[in-house]
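Order of writing sets the chain letters: A, B and C. Residues in each chain are counted from 1.
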Amino acid sequence: MENIAGTRSGLVWSVNLAVLALVLLWTIPTFGLLVSSFRDRDQLTTSGWWQAMFSSAQNIVFRAAAVETQRQNGAQWVIAGSVLGPAGGEVKAWGISSKDPTAFAPGAMATMADGSSATVAVDGAYRLSAGKAFEGRSPRLFVTAVTPPRFTLDNYRKVLFAQGLGRSFLNTMTVTIPATVIPILIAAFAAFALAWMEFPGRALIIATVVGLLVVPLQLALIPLLKLHNQLGIGKEYLGIWLAHSGFGLPLAIYLLRNYMVGLPREIIESARVDGATDFQIFVRIVLPLSFPALASFAIFQFLWTWNDLLVAIVFLGNSADQLVMTGVLKELLGSKGGEWEILAASAFVSISVPLVVFFAMQKYLVRGLLAGSVK
Amino acid sequence: MQQLVTASATIVIGVFGCVGYFFASNLILDAIFPPRGPNAGRNISRAAGVRPWLFLGPALILLSVYLVYPVFVSIWLSLRDSTGARFVGAANYTWLVNDVKFRESMVNNFLWLLFVPAAATFFGLIAAALTDRIRWGNLAKSMIFMPMAISFIGASVIWKFIYDYRGEGQAEIGLLNAVVEFFGGTAQTWLTLPFWNNFMLMAVLVWIQTGFAMVILSAALRGIPEETIEAAILDGASPLQIFTRIKVPQIWGTIAVVWTTITILVLKVFDIVLAMTNGQWGSQVLANLMFDWMFRGNDTGRASAIALVIMLLVTPIMVWNIRNARREMR
Amino acid sequence: MPQAGAARVSNREVVMKSRLFAGAAALALLSGAALAQDLKFAPGEDARFHWADFDALKAVDLKGQSLKIDGPWGGVDKDLFNSVVAYFTAATGASVEYVGGDGFEQRVMIDVEAGSPPGIAVIPQPGLAADLAKRGKLTALPAETAAWIKDNYAAGQSWVDLATFPGADGAKALYGLFYKVDVKSLVWYSPENFADAGYEVPATMEELKALTEQIVADGGTPWCIGLGSGPATGWPATDWVEDMMLRTNTPADYDGWVANTLAFDDPKVIAAIDEFGWFARTDAFVQGGAGSVGSTDFRDSPKGLFASPPGCYMHRQASFIPSFFPEGTVVGQDADFFYFPAYADKDLGKPVLGAGTLFVITQDSPVAQAFMQFLQTPLAHEIWMAQTGFLTPLKSVNTDVYGDPTLRKMGDILLQADTFRFDGSDLMPGAIGAGVFWTGMVDYVGGKDATAVAGDIQKTWDTLK
């Protein structure tokens, strides 16, 4: 029967539009960051990223070329050059005093305080001339110009090579990979035991694991670090691997156990009847079958440890070979709060890896989420 | 380069160490209680009694050290002074109850708990319901889910660009202020407006968590039996009525799970507040207050007291979760 | 003939020895050259530096030993400090790494409490250092250091007093050495903008206030004020209030306020806060209006001085702020400073507010001790002096080395102040001076009443006793 699911075209259109609106709303913030990270520094601070494709008006304070560059042209001494960079643009108004930066139209002639004359043309070419040689500091010119949009890779270049981001990328990898693999191994064994093995206290342990899901980890960072120091593994990679494993175990065991419980009972029973030990059943049957759940938890844990800031601050140090990417980003946020172009580029670099992992693996992520929660 | 080598070596050692433990322990167990030979039956049952603990061992150790031990240490520390040296009884708690910032945090957390799970679940439900019906649904889902992959501090930078304020006479480069001015309003310093700045911060978490809610609710919606829907359509129900009267009640259990999971996260989140306002202008929350007293005030006593308050707030959910889990197992 | 034989033998010896010396000299030159490549200023080249210190340091052999230094400096300052450290590592062979940056105050407490401290910590607040000393986490400096500081630093006794704290056993000892100080009572401006508008540098507070109103009447905005600083938001306002305290009350009152023998909500303190409010809470006086003061980053706010048209004409800030001026700004020409003036009619002289970073030993080792010794040589100061943003009270440095003339001018202010006081909030206990004082100021510029703010701060201070 047609129209069973309401396929009237009006409804379809409104649904599509609604979804489009939602998607736009959710992706605009990140898109704004992406666009900003490619923009020229001055343009970033004077116009919103949605105006990135349009020319923007800027007020430039320009110091004329040094007096050493002056040349003699007959009886006149001349300093000349261009106010606008190679990108060009159009001068709308200019001035010679900060009190009145738009006093003159392009092409007009102005007389400076020391008697020399100045002019700025529409294309940005300026010319100062005087009857005697210029001395001291060259004067300032105030120019209001419309400059074409300029996109640049400079921000990324600066961020990747100068801000220590490259090194921190390695550091983050060093933290994340073991911190993902170790909990999976441990949790897989534990989940199997809780799902398919009979032993006293099983229900209690499951309940405890579920209860531990909610413990806030700010709870005892200092005592744990103290413990690490006493054990001799303080502020080293081994410490942070163990910490992340510990913090991630409840969710891992919970998700994996839920998935394993859903496996067909017959397979495991028949393997037992055939005389396989639990260990063999686990390694040969359950583990391969649980691959989707393992993969999805792996991605979760990877994203979580990659994006983590607090555990890295406490359990790992600040030196060049230990600082993770979120730490670098936080430092930049703190020390370069005013340099938006650096902030935008580094933020995007630090979120690029998780985004790539996410897009590549999202179907596993979704499957994993579902395995644990849908009744 | 050297770091790569040492890192890879340690990774390999760590992983093989883990695997090695499991293999070795099981091998030893099988050697002690061989599942063959004269005492096969008794051996197998004995091994089966020991083996679960071999499997569970590392997990139990890690859980006790990293999650159980801190709970007890925190209780202990909260009864002592700022350096943990002297016992001070309930002094930290009496201070807490009278502290202005603590009261402010409780009120703010209450707002967060009211607004964020509701908003995220609501948007997630709408998104789940709508994206299931269109062809490009999967792409749309990915786009809405994407913020979950971004770190909290990356999200703070992204939203800093949105909330920026420049002042009169200058062009607004923050998206929100630009939109407000476009519609004729005056630009505001959003993050410093008392009371409303909380909602600015909450928007970030809702933005991130909606995808999570959407994915789970979408699966739940798909799990509703077709016959129920078809029957409703035959009875002449409109799509909206089907949605509100049939679908939502059917997945109520999942909605509750999503709601409580996000609630737990709301109580733990501090990075967003730390990076964007650091609790200033009346936006303080418990988790950030704890972080502040721990690492800026250097007072483990007060910080632990706050941490225990957070745990207390979470306990009802913990109990509910445990009860559900036990019900499942019967 | 024994004499000839002896002469022949000694000739050969001489030749061998001279070859040996030549080889050694060549090696030294080569290694010197190799070292010089990493060093900002090649040793021995510029006669203004005290290169003798470098040569003396080479005698100390610390090869194979390492030291970690943690501190608050990030970005530009980090590179500058590393250029100083390079000389130490080049001369002694030790490996020293500076791991500092944002969030230092939090990090150092975690590390010290948990047992993994750096070797040396650079602490910007003596109050924090006092806290660490009381917990027994610092190693006292060698006995002679106190006398050395008293003799070699201008106003030496003050620098000793500021770094002397009771230890875990209650006995007072010298725990820190001040290296890199800042003068805070400065107002930055653009001389050319002043000239364009016809303004004169004010010599008294009354003139400054009149100039503020004059600029508004002319259609401009007089001040750029920004308090934003991440977790430390609010600290620039505490500098304003401290400067105002010094200009409206006696130095004894200031000391009492810092020690809390003068209550924080005493009318004198509230009056000083309101003096700051006269500048910061009047919308017309501040770029962006009073509402943006609390959220503008302090590193962003000076940019208004150089905008077109000028966003503001004056910016009150410490001597380190030129690092945050736009690239290419020539300090002394594009930007200059004048002394934040005192009231002409109050007869309190010309007080100066300053601050400094304190080097303390958090984990004793021969390298740490050697590094502290290195900081007592003029060379360690001169290397940073010759670059930018560094001031020192050490009398034995060659002031010709200063990278720009403004630093020398600042140094003079520092040395000639009739009243010099250290930044108050750095001396108060951490929970106040690096806590509620900052947040209270943010609330104040947001509109909260000064009496209420001061009252809250005093209440918190009471709970700490």
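Here is the rule we use: a residue touches a chain if its C-beta (ideal position, glycine included) is under 8 Å from a C-beta of that chain, and two chains touch if they have at least 3 such contacts.
Just so we're clear, the structure is a prediction, and the values are computed from it rather than from any experiment.
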Quiz prompt | Chain-chain pair with the highest tally of contacting C-beta pairs | solution = A-B
Exercise. Averaging each chain's C-alpha atoms to get its centre, pick out the one most distant from chain B.
Key: C
Quiz item: What chain is most central when centres are computed from CA atoms?
Solution: A
Quiz item: Whole-Å distance, chain A centre to chain B centre, using C-alpha means?
Solution: 20
Self-check item: Intercentroid distance (Cα basis), chain C paired with chain B, Å
Solution: 42
Quiz item: Roughly how many whole angstrom separate the Cα centroids of chain A and chain C?
Solution: 33
Quiz prompt | Per-residue overlap in chain B, given as positions that touch at least 2 other chains | solution = 300
Practice problem: At least two other chains touched by the same residue of chain A: list those residues. | Solution: 221-222, 330, 333
Self-check item: Two or more partner chains touched - positions in chain C
Solution: 106, 110, 113, 230-231
Self-check item: List of chain B residues in touch with chain C within their complex
Solution: 83, 95, 100, 165-168, 189, 191-192, 194, 274, 278-281, 295-300
Exercise. Sort out for me which residues of chain C touch chain A in the complex.
Key: 68, 70, 74-75, 97, 99-103, 106-107, 110-111, 113-116, 190, 192-193, 196-197, 228-231, 297, 299-300, 303, 306-310, 324, 328, 333
Quiz item: What part of chain A is in contact with chain B in the complex they form?
Solution: 4-6, 11-12, 15-16, 18-19, 22-23, 26-30, 32-33, 36, 44-50, 170-171, 173-174, 177-178, 181-182, 185-187, 189-190, 192-194, 197-199, 202-203, 205-224, 227, 237-238, 241-243, 245-247, 249-250, 253, 275, 277-279, 282, 303, 306-310, 321, 326, 329-330, 333, 340, 343-344, 347, 350-351, 354-355, 357-359, 362, 366, 369-370, 373-375
Practice problem: Within their complex, state which residues of chain B touch chain A. | Solution: 3-4, 7, 10-11, 14-15, 18-19, 22, 26, 30, 35, 44, 47-49, 51-53, 55-56, 58-60, 62-63, 65-71, 73-74, 77, 123, 126-127, 130-131, 133-134, 137, 140, 142-154, 156-162, 171-175, 178, 207, 210-212, 215-216, 219-220, 223, 229-230, 233, 238-239, 253-254, 257-258, 261, 264, 267-268, 270-271, 275, 287, 290-291, 294, 300, 304, 307, 310-311, 314-315, 317-318, 321-322, 325-326, 328-329
Self-check item: Residues of chain C that touch chain B when the two form their complex
Solution: 105-106, 109-110, 113, 131, 135, 230-231, 233-234, 287-289, 291-292, 294-295, 430-431, 434-435, 439, 442-443, 446, 456, 463
